[in-house]
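These notes are about the structure you will find just below.
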Amino acid sequence: MLSVSDLSCSRGDRQLFSGVHLTLKSGCCVHIEGDNGVGKTSLLRIVSGLSPAASGQVEWEGVPIQTSEAFRAARMYLGHQLALKEDLTALENLHFEAAIAGRPLSDANALAALVQLGLKGRAHLPVRVLSQGQKRRAALARLLASRAALWILDEPLVALDLSAQTQVCALLQSHLATGGMALVTSHQPLQLGSAQYASYRLQA
Amino acid sequence: MNSQPNFWFRYASPQAFYGLAGRLWPGFAVIATLLGAWGLWLGLFVAPVDFQQGQAYRIIFVHVPASWMSMVIYLAMAFWALLGLTFNTRLSGMMSRALAPTGALFAFLSLWTGALWGKPMWGAWWVWDARLTSELILFFLYLGFIGLTSAIEEPRRSDKAGALLALVGAINVPIIYFSVRWWNTLHQGASVSVTQGSSMAQTMLSAMLLMALSFWMYAIAVALYRVRTLILERERHTHWVTELLSAKETAA
Amino acid sequence: MNPYMALLRRDLALALRRKNEVLTAMFFFVVVASLFPVGIGPEMGTLRLIAPGILWVGALLASMLALGRLFAADHQDGTLEQMVLSRASLTGLVAVKILAHWLLTGLPLVLLAPVLALQFDLSRDAIAVLMASLLLGTPLLSLIGSVGAALTLGVRGADVLLSLLVLPLYIPALVFGAGAVQAHTAGLGASAHLSILLAMLLVAALFTPWACAVALRIALE
């Protein structure tokens, strides 16, 4: 369970937001909404542990995330940058990501993940020749192989066509169904069917 | 017992420190001026003429204290850096930044007066003496700190990065000094010595100490004044600053 | 495969696919070492005297030039963030990155040095001492430089700023590195210099990856 209490964030000398309270339980997805520049990305970066908060606490299973070893294993953060090396193939990128995360990943499973996201025939090409949407699919493929309980996704649907968007939402749904949780920002609406879904509007 | 931790942490808030610094700096400035006048009088008029170097040697009364202060200030910066990284206080970063330009100034002054001294002594504007070379490197360390903290826009990141740099620099300063001395002695380089073999007269030593103290008081005064400006800049969106500035406007 | 081996293989594979990074450092070294005789004059006595300094400064500048690319690419595409977030020790990952960087930009300088030293008519054993000093010195430069590279990540004017930050810290390595060859040529024996270089390298290897990891976390805040 993730709990965010009284979080505030400042960039430079501007305060972006304050007094944010959130709880995420197993099977839940919280969709962070807000205007451009209100701090949605900053919030996600604080929750993922990359940035420090100006004040407030983020806790995983009751332990502050800075000291929680369990949190490091449970989180999966996908930001605006795709975290793909352009000179490596999509397959190589996936293998590297799995190795860094300490997860064994067989060739077959890696390929299957890429195929499931519509990259059949593209898996062995260097990422730099893929289109923007294909690159994002390659980046999202790591979600399939991941065992992380908490998905923190910053605008995951950008540059994706409708069928890919539906696919990603389906991925999210099955993740929630198996007890995972997700914190997502997106300008597009998320079709999550019957899954537990809440919206949180971030305001200045 | 309870009041002691409160005292220190009270002044760790920029608002409280702003007031404290405002009350303190004029005092330090006055002491600095008095000590400086006394030291200069001793150094320029009272201390005996050096047997070998004549009147020109008197520049050491600025050169040596400036060198000392450039090193002391770097240590002070490193101290604030350590404090800031450990306790994550905003004020520590501001104090480091307030000290850096003064430290750089003293390093530059030391180099410049070293050159002015060297010309009549050695016939050259620069000699690769171990101390002068180390002073030059210290000057670059200061410039690096100022450059890095100015280049990073986000204040918290800037403070932390500067603090890490200051600490890395402080740890390296002894190593750098040792290696420069090794390099210098190995190559039988020139040595700009203060005493030139004779023991220093009492007045000379007193004059140098007075000048060193004067520079120290000056550094504190300037740093306190500068940190007040930094506090106003950093905290300009807070309630107390907007009130203060509007009060000044109506008074003006 | 453990994360550290995976990172090492990845960085080496990436460099092989984009060879210009490796070549730039080597090319710069060659250019610097070749320009000095042209600038100073072909008198062999002078050149033999100043050769250790020139070759060491050339290697140092080439190493500094390559530093900017240690973390920049990973920072830009987001893989650095993922490394910070991973369960693997960031200190360990940083150490691996520095190792890969040295293998690609430092080791070639060591191997190139004897060829360039011939231009200065250095004796065979002087060249051996030069190579030893560079073998100890270039990793030291990479380690020290990595902290500067991490501090200046994504900052405007990072390249120039990096040089300013790192130059004072490079002085000891330069003094003992070039000094080793000069001491040897003067008949004093290079063992003292090389031992000090080795000691500095060991201390740096122990502490700088950690300092660099701290700097990276600050840079990614």
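Labels for the chains are A, B and C, by order of writing; each one numbers its residues from 1.
The rule we apply is simple: contacts are C-beta pairs under 8 Å (C-beta built on N, C-alpha and C of every residue); 3 or more make two chains touch, one makes a residue touch a chain.
Remember, predicted model here, so these are calculated numbers, not experimental data.
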item: Central subunit by CA centre of mass proxy; value: C
item: Most widely separated chain from subunit B, with each centre as the mean of CA atoms; value: A
item: Where subunit A and subunit B are represented by their mean Cα positions, the distance between them in whole Å; value: 48
item: Between subunit C and subunit B, distance of the C-alpha-averaged centres to the nearest whole Å; value: 32
item: Length of the line joining the C-alpha centres of subunit A and subunit C, rounded to whole Å; value: 37
item: Contacts with two or more other chains, residues of subunit A listed in rising order; value: 52
item: Contacts with 2+ other chains: residues of subunit B; value: 154, 156
item: Subunit C: positions in contact with at least two other chains; value: 221
item: Subunit C-touching residues of subunit B, taken from the complex the two chains share; value: 137-138, 140-141, 143-144, 147-148, 151-152, 154, 156-157, 160-161, 164-165, 168-169, 172, 175-176, 178-180, 182-183, 186
item: Contact set on subunit A toward subunit C in their complex; value: 48-52, 72-73, 75, 77, 79-88, 92, 95-97, 99-102
item: Interface residues, subunit B side, partner subunit A - complex; value: 153-156, 234-237
item: In the complex with subunit A, residue positions of subunit C that touch it; value: 1-3, 5-7, 10, 13-14, 17-18, 76-79, 81-88, 93, 220-221
item: Sites on subunit A touched by subunit B in the complex; value: 11-15, 52
